[in-house]
Amino acid sequence: MFNLDLFYESVPILASAAIVTVELTVCSVILSLLFGTISVMLQLSKIPGGYWLSRTYVSIMRGTPLLVQLFVVFFGLPLLGIKGQAFLAAAVAIGLNSGAYTTEILRAAVQNVPEGQIEAARAMGMSTRQIWFRVILPQAFVVSLPALTSEFTIVLKSTPLASVVAVTELTYAGVVIQARAFSAVEIFLPIAVGYVLIALSFTQVSRWLERRFRLLHT
Amino acid sequence: MTKNVPAIRAEHLVKTFGDLEVLSDISLEVAKGEVVCVLGPSGSGKSTLLRCLNWLSPPTSGTVWIGDEMLGMERDANGTPRPLGDARLRRQRSRIGMVFQSFNLWPHRTAIGNVMEGPMIVRGLSKNEARERAEVLLDRVGLQDKATSYPAKLSGGQQQRVAIARALAMEPEILLFDEPTSALDPELVGEVLDVMQALAEQRTTMIVVTHEIGFASEAADRIVFMDEGSIIEEGAPADFLSSPREQRSRQFLDRYLKRTSFTSFASC
Amino acid sequence: MDLEQILKYAPLLLEGLKVTIIISTAGILLSIVTGAVLVAMQRSGIRPLAVIVRIYTEIILGIPILVLLYVIYFVLPDIGLRLSELAAGLLTLTLYYSPYMAEIMRGAIDAIPSGQLEAARSVGMSRLQAARRITVPQALGLIIPPLTGISIGLVKDSAILSIISVHEFAFETKQVVARTYAPFEFWTFAAICYWTILFVWENGMRSLERRVTRYREAR
């Protein structure tokens, strides 16, 4: 029942598709951090309208399916003159989506930075921007590492959705082979294992990061 | 600038929070090289006064002058005062050092990193210049061997000494201390007071809000006694501590002396 | 956005929305029940059962829901289990979300001080009575906020079922897009619809939580 030949044949193809999955995850994570950082700064600094802009962004991203967001971005980018960029659309959509959750994670951490530290920085004459980048954010990121790690595991688990706009990542490759081979176990089993392995290596990297930073701080 | 311009001068400071008047019409002058200790029961507005003096919490009304420059405000062409732009306020603030009750060190920077941060970021010193300056200052507070330790690894007394070095690194014209020893275990108070005493002997201009009457009597040129948002009495330490003129000062000192004699009795 | 076109296709979209709501509701209820079974297995004191739950939970946390959907939809027929699209979709949502539901329940149960149960036992309540009269009413207040979050996740993930042609809202939107060639407009419209439903759902749950936890304010 388990066709070994098909298994051997498909593993190399799946492996190269897995690299696309990792690339998509990394790009989405970078965008998520970028959007999350901007959004949390908008929300908590006293820029007029910033609070509402950020809250609206978070609400929309959390209140609609990623699949729908993906289609909106995919069909929206051409309206901005960016055409035929499925990978970019997927990374932007997943990054925007995850950025909302990153906002929430960072907000909790930022609000935990003691007011006194910020006052000490102000008393020294630091500007708001300097206080954000030198005092608040470095601490917030370290404190949030565990929560961010699980958020980025979720990002990894959302990347299969990119297959709906034909990004040839792991799941898409699986569906294509499966459609040709008329057999599924040999393909979806390695795929499932593949995701678990990628997720595990992610967790290891972030554990290592966490240890490093925690050692640094104590 | 003439020689008799005070280092800092506050005129008619009033601070209200809602209906609550925390400071009512405070005026205070501190000369260059003078050490002023502010005493008073808790809730008397001492800390608020310090926070107004460096505009961390701008007063409801009144003005503060550092040297001959008005703090946090400027006059427009018609002479009406208006809030100063952020960049200029920051430059002014960096001339006033502040040491907090709860140290407020930045936990993600080492001891020396905390001291280097201000000179590098606000003053634009190079990393090497900042490090040289920080090493000298850590040496002055007796912590050269703790330079690479993170705040979490330091005792409260050590943290507060780093905080003093951090404030000194900006080469401020005035140093404000907001109950610098109140958050410390009793056995750690001494090392911080020693550093402050040394600063006082080097004629650093200082305003110290404190409960350490012993320190005030030894280090201060002048004691200011506050209660309920007003300055009740001020004078040389010897005069104030031995023969306070006002009823409320006497009560405060009586209560304080009773408490210390009780603690010293208890510790026998 | 072309309102006329939206009106023209409204009946079709509405039909899809109905399926989304039905399938989500069923998915939430089924995963709660399955989650409760998982908790019971884990707390049964029978080690193998607890181990099975652990492994199952780890697997689910590790794989994407779309992969689980494909496994159920494509792999199960290979071993002779052919499910309809709707059944495969519902099974996916249930299997995927039950460990999350279990986690919520565990958390809520553990949050209730054991002294309360001892007190219940001391007045002579049975285990079942204590669970029903002491644990559940309090756990309910603790469960609602995380349950809201998880259920919102489930509703959003139900859109994925459109990929295997379950005729829910996202699927119907895709159909309309294929006919109108106005993808950006209709997907944006779909986003607005999802957002509205989930906004109402979230706020409804919040007011329910306030009602359930009213006892906490009476101090």
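The letters A, B and C name the chains in turn, as written, and every chain counts its residues from 1.
Everything below uses one rule, namely that contacts are C-beta pairs under 8 Å (C-beta built on N, C-alpha and C of every residue); 3 or more make two chains touch, one makes a residue touch a chain.
Just so it is clear, the structure is predicted and the values come from calculations on it, not from any experiment.
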| item | value |
| --- | --- |
| Path length in the contact graph (chain B to chain C, fewest steps) | 2 |
| Centre-most chain [mean C-alpha coordinates] | A |
| Rounded Å distance between chain B and chain C, as computed from the means of their C-alpha atoms | 57 |
| Gap in Å, rounded to a whole number, between the CA centres of chain B and chain A | 46 |
| Centre-of-Cα separation between chain C and chain A, whole angstrom | 23 |
| Chain C residues touching chain A - in the complex, by the definition given at the top | 59, 62-67, 70-71, 74-75, 77-79, 152, 155-160, 162-163, 170, 173, 183-184, 187-188, 190-191, 194-195, 198-199, 202 |
| Chain A residues touching chain B - in the complex, by the definition given at the top | 114, 116-117, 119-128, 130, 134-135, 138-139, 142, 216-218 |
| Of all residues in chain A, those that touch chain C in their complex | 1, 59-60, 62-69, 71-72, 74-76, 79, 156-161, 163-164, 171, 174-175, 178, 183-185, 188-189, 191-192, 195-196, 199-200 |
| Residue ranges of chain B in contact with chain A within the complex | 54, 56, 86-87, 90-94, 96-98, 100, 102-108, 117-118, 121-122, 150, 152-153, 163, 166-167, 170 |
